[in-house]
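Okay, handing you the structure first.
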Amino acid sequence: MSTPATAHEILIVSIARLLHGTRHVAVGAASPIPAAGAMLARALAEAADEPKLRLSILGSVTHNFFTNGSAELFDCAAQGRIDAFFLGGGQIDGTGNVNLVGVGDYPQGKVRWPGSFGSAFLYFHIPRVILFREEHSPRVMVEKVDFISAPGVSEKGIWRKGGPYALLTGKGLFGFECERPGFHLQTLHPGHTLEEVIAATGFDFSHDATPAQTAPPDPTTLALIRGRVTDELHESYPDFAATLRQTVTQHSLKEQTT
Amino acid sequence: MQHPLDRLAAQVAPGMKLAVPVDYGGVPMALTRAIIERDIGNLHLVCVPTGGMQVDMLIGAGLVKTVETSAVSLGEAGGAPRFNAAVRAGEVHMLDATCPAIHAGLLAAQKGVPFVPIRGLLGTDLLANRPDWRVIDNPVREETDSDPIVLIPAIHPDAAIFHAPMADRFGNVWIGRRRELAAMAYATQTTLVTVERIFDGDLMDDEMTAAGTLPALYVTDVAQVEKGAWPLGLWGEYEGDTAEQHRYASAARTADGFAAYMADSQQKGAA
Amino acid sequence: MQHPLDRLAAQVAPGMKLAVPVDYGGVPMALTRAIIERDIGNLHLVCVPTGGMQVDMLIGAGLVKTVETSAVSLGEAGGAPRFNAAVRAGEVHMLDATCPAIHAGLLAAQKGVPFVPIRGLLGTDLLANRPDWRVIDNPVREETDSDPIVLIPAIHPDAAIFHAPMADRFGNVWIGRRRELAAMAYATQTTLVTVERIFDGDLMDDEMTAAGTLPALYVTDVAQVEKGAWPLGLWGEYEGDTAEQHRYASAARTADGFAAYMADSQQKGAA
Amino acid sequence: MSTPATAHEILIVSIARLLHGTRHVAVGAASPIPAAGAMLARALAEAADEPKLRLSILGSVTHNFFTNGSAELFDCAAQGRIDAFFLGGGQIDGTGNVNLVGVGDYPQGKVRWPGSFGSAFLYFHIPRVILFREEHSPRVMVEKVDFISAPGVSEKGIWRKGGPYALLTGKGLFGFECERPGFHLQTLHPGHTLEEVIAATGFDFSHDATPAQTAPPDPTTLALIRGRVTDELHESYPDFAATLRQTVTQHSLKEQTT
C-alpha cells in the first residue's frame, strides 16, 4: 500500500478538483503547487477522456504557448481564452480583496512587497481565480487589506467577467459567495480543526457546524501525482519536484517507524 | 578606443524616462553597470512590465527618482531589498501599475494616440493613487446604463534599453518572440541594444529570421557584449546565475552590503 | 472521405462576419472557392485592411451582404469589377474605412476593450458615414482647449480565414512577419487556416520558428492545400499568377463573364 | 551628349527635389514614379554626403523594413518616423481634399473606386504628403471632391501633424498654402503652358504672371536616373523600369531623326 497523501499532495488534489472542466489554465512563474494541481487536472481529464486541458506556465519553455511578448497573457485572458488562474497575496480579506503591495499607509508603509503584477486586470477577466496561499495566519488573512491590488467584488454596473472562485490555504478550502460577499469554509485539510482555522483567520467566514474533511486523493490519483505529475514538474520547477519526492520518502519513513 | 558599452551609456542622460525589460526578457545588465559607473541619475524607470535586479541596483546606486512598474522583485532570490528600502524611506516616487496597464501605455505611444482604454482596475488602490489615469463612461456602450472604463495615457519613454541574442551590421536586432521589446522601441525615439553576437548577414533577408526581427528603423545603437545579461539569463541562450543572484540579494539587504557588492563587481569589471 | 477543405468550409456558416486578409498577406483562395461551391451567403466581410480577388469573387457569387474595408481592388489587374458593380447597384452594404481603423477595431477585440482611439479621420466623409464610430473630447488632454478624437469600436469577427506557408501537427501555424494574421485570430473565436505544407516537428520548440508562429491556442482547424492562394501569390513562397488575374479581371467585367469564369474554374477544380 | 529628359524623368527629378532633407519615405505598392523619385533622392543624398534616406516600398521585399504586419506602416507614421508619402486621388480639389472612393452620391455613385486605403490617417500624420497624379484634367482636378477620403486642411484645434506639401501632375508642380488654403503653381513642365493648365484645372490656383519652367535634371542627375535608379527600380517595378529604358531610347531616336 502506498504512503498516505502529504500536505502538499492534499493541496495539489484540491487544486485539480477546482480546475475540473476548465480548458486553459495559466500559472505564474513561481507557483509550483498550482502548476502541479493543473498538471494533475490535465492528467485526470485525459484519463477520463474529457476535453484537453491546456496549461500555460509563465516563464516556462515547454509550457509557454505565447509568441507575442509579455502582453499576450493579458490579451488572452481578455479574449476569454483563460478559464482559471491563481493569485496569492500578502494580505487577503473576507471580501476577497487581495493586497500585493504592502503593509501600512501607502506608499511609505512598514513593509513593501513587489507589487500588484497583473492582478488588477486578471481578477476582472478570468472566471475561476483561485486564491492560493499556504500560510494561513492572521497577518495574511486580514479583516481588511491595507491596499487593494485587486478587489474581490465590484459594484453593479462595473464590467467584470471574473473573480474569486475559491481560497485554498494550508489549513482548508473555502468557496466564495459573491452575493454576501464572503468565504464559506468547505473542507478542513487532514489534521486541522475549525477552532484552529477561526483563530488563524482575521475575517469572518461562514461554515457548517462540523466541516467536512478535504478528501485525500484516491490511490490512482496519488500514483499520478507521484509519477507523471512529478516528472512533468521537473522541467519548470526542478527544486520543487525534488522536494515533493523527498517529502513522500520522509513521510513514508515516518509512517514506517511510527 | 571607447568601449561600445560606453558609447551606449553616453546616450543615456540624467533625468531620462527609461524603459527597461522584465527579468526574463533580456535585461542589459552590463549596460546597467556602465550607467551606474557614469552616475547617470534622476532616472524615471518604466518597467515593462516588472523590474528586478537591474532596477534594484539602479535604486541602490541612488540614480532613480521615479519607478513606474507593476512589481519589482528578485524572483527566486526574494524581494528586491534596495527597492523595498527606498520605498519605505520615501526615496523613490512610486507609480504603481498593473502589467497590462504598462503595456497599454506603451501601445498608446506606438499607435500615436493619447490613451488606450483598459478593463479592470476599478475599485483598486492602484487607480486611487494614479491621478494620471482617467475614468470615463464608455462612449460606445450599447446599453444606456453607465459603463465606467479606465483610460491609460500614453507612456513616452525617452529611451529603451535591452539585451538580445543578436543583431546584424545594419542595426536590425533579433528579438524572437519577446515582442514587448519591440513595443518598447516603437514607443521611444532612442533604443539602445546590447547583443550577444553579430549576425553575419542581413536579418531582414530571410522571412524566417525577419519574423523575429526589430528593424533598424527603430534601433539607435547596438553594442556587442557577451553575457550582457549576466547574472540574469537570456532566453534561448543561457540560464541565470542563481548563485550570483542570491549573493546580490543577501549583500543588498543593507546599504553598506550593496555598496561593497557593487565596488567588488566594478573591480571585477575593470580587471 | 471528406476533403479537409470541405471540413474547413463547413465551419463557415451563412451570415457570419468573416475576417479576410490583404491580397499579399495569404489569401485562402482554394477555401474561398469551397465556400462559393457550398453557397454560404449573407456574409459580412471584414477586409484586413483591404480586399481583392477573393472579395470580388464572393460578391460576384452573391454571397456578400456587407463589406467593411478600406479598399477593394485587383491591384495590377485593375479595379474590382463585381465589387464596383455591386456597390453601384446598391447590392452590398458598404462600411468604408481606412486601413488603420480596421486594425484598431481588431486591436480593441484583441485587448478586450470596447474601443480604441485613432488620430485623423476628422472632417472625412468616411467618419460622416460611420455612425458606429464616435467622436469624443480627448479626456487626457493637458490643455483645456477641446481636442476631438475618433473612437473605433471593437470588431469581433465570427471567424478568420487565411492561407499560410506551414503548420505543424499540433495546430501551430507559421505566419512569419504577417502579424495582422495573428491580429485577426486574436479577435475571433474561430480561425480556419489552409497551409502549403505540414512542418514535421513542433514550431514552438525552437525560438527561431516560434517567433513567427501563431500558437494552436488560436487556431480552430488547419487543412493542407498546396497552392492554396492561387491565383494570388504567397509571400516567400510563390508569385501571383498575373495572367490568371488578368483573365479573371476581364471576364468579371460582366455578370455573365464572371459566371462563365467561375463555372470553368469549378470544372477545373473538379477535374 | 545625352538625350534630354523625358516627361517621366521630369517627374522623377521633381519628386527627388520635394524629398530633399527627408530621412524616411514610404511609397505605395503601385507607385513606380514616386519610388523612382525617392530612389533618386536617396542617391543624391548619398552623393552629397547628407544623412541616409530610408525608403519603404509597400509590398516590396527588398524595401520592406517592417516586421509587424500591415499595421506597422501606420504605427510608424504615427510615431513620426515617416517624413514623406504620396497620395493619388480619383479627384483632388483646390483645398487639397482627396477622393479615392467614387463619383456621384455616396454610396451608390456613378463610379466606384477601390476606397480610401490609409489616406484618412496618413494625411494627418505625415509632414510632407505629395499629391501625385499624372493625369491633369478637369475630371481629376475638381472644384470640390464628391467624397472626402482625406481633407486637405483641418479646423483649428483638430490634431494634425501632416498634410499636403505639393501637387505634382503631368503638367506642372504646385505648392500648397495652408493658410489660404490653396495651391500655387510653382513651375510648368517643359512643353506645357499656363493657359493649358488653367483649362485643365477645375479649381482656382494662384500663379505668377509667367510661371517658371520645371528645371530638367542636370547631366549627373540624369545619369543617375538612367543608371542606378532604373536598376534599383527593376526589383519592385520590372515593367516600369523596362518602359523607362524604352522611352529614353525612343526619345533619343526621335531627337536624332528630327
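As written, the chain order gives the labels A, B, C and D, with residue 1 at the start of each chain.
Quick note on the criterion: a contact is a pair of C-beta atoms (placed from the backbone, for glycine too) under 8 Å apart; a residue touches a chain by one contact, two chains touch by 3 or more.
Small disclaimer: the values here were computed from a predicted structure and weren't measured.
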If we define chain centres by averaging CA atoms, which chain lands farthest from chain A? Would you check? D
Count the C-beta pairs in contact for B-D and for A-B, then report the pair with the higher count. A-B
Between chain A and chain C, tell me the centre distance in angstrom, where each centre is the average of that chain's C-alpha atoms. 41
Approximate Å spacing (C-alpha centroids) for the pair chain A, chain B: 29
Taking each chain's mean CA coordinate, chain B and chain C are separated, in whole Å, by 36
Note the residues in chain B that touch 2 or more other chains, in rising order. 107, 111-113, 118-119, 147, 149, 177, 182, 210-213
Two-or-more-chain contact residues of chain A, please, as numbers and ranges. 66-68, 78, 125
Hey, how would you classify the chain contact layout here, line, ring, star, complete or other? other
Touching pairs here come out as A-B, A-C, B-C, B-D, C-D
Can you name the residues of chain B that touch chain A in the complex? 22, 24-25, 48-50, 69-73, 75-76, 79-80, 83-84, 87-90, 94, 96-101, 103, 107, 118-127, 129, 145-149, 177-183
Touching residues on chain C, where the partner in the complex is chain B: 104, 107, 111-119, 132, 134, 136, 138-141, 147, 149, 151, 153, 175-177, 207-213, 235-236
Using the touch rule from the top, collect the residues of chain A that touch chain C in their complex. 24, 54, 64-68, 75-81, 125
Chain C contact footprint on chain D (complex, rising order): 29-30, 59, 66-71, 74, 78, 100-102, 106-125, 147-151, 154-155, 157-159
Which of the residues in chain C end up touching chain A in this complex? 109-113, 182, 186, 204, 210-218
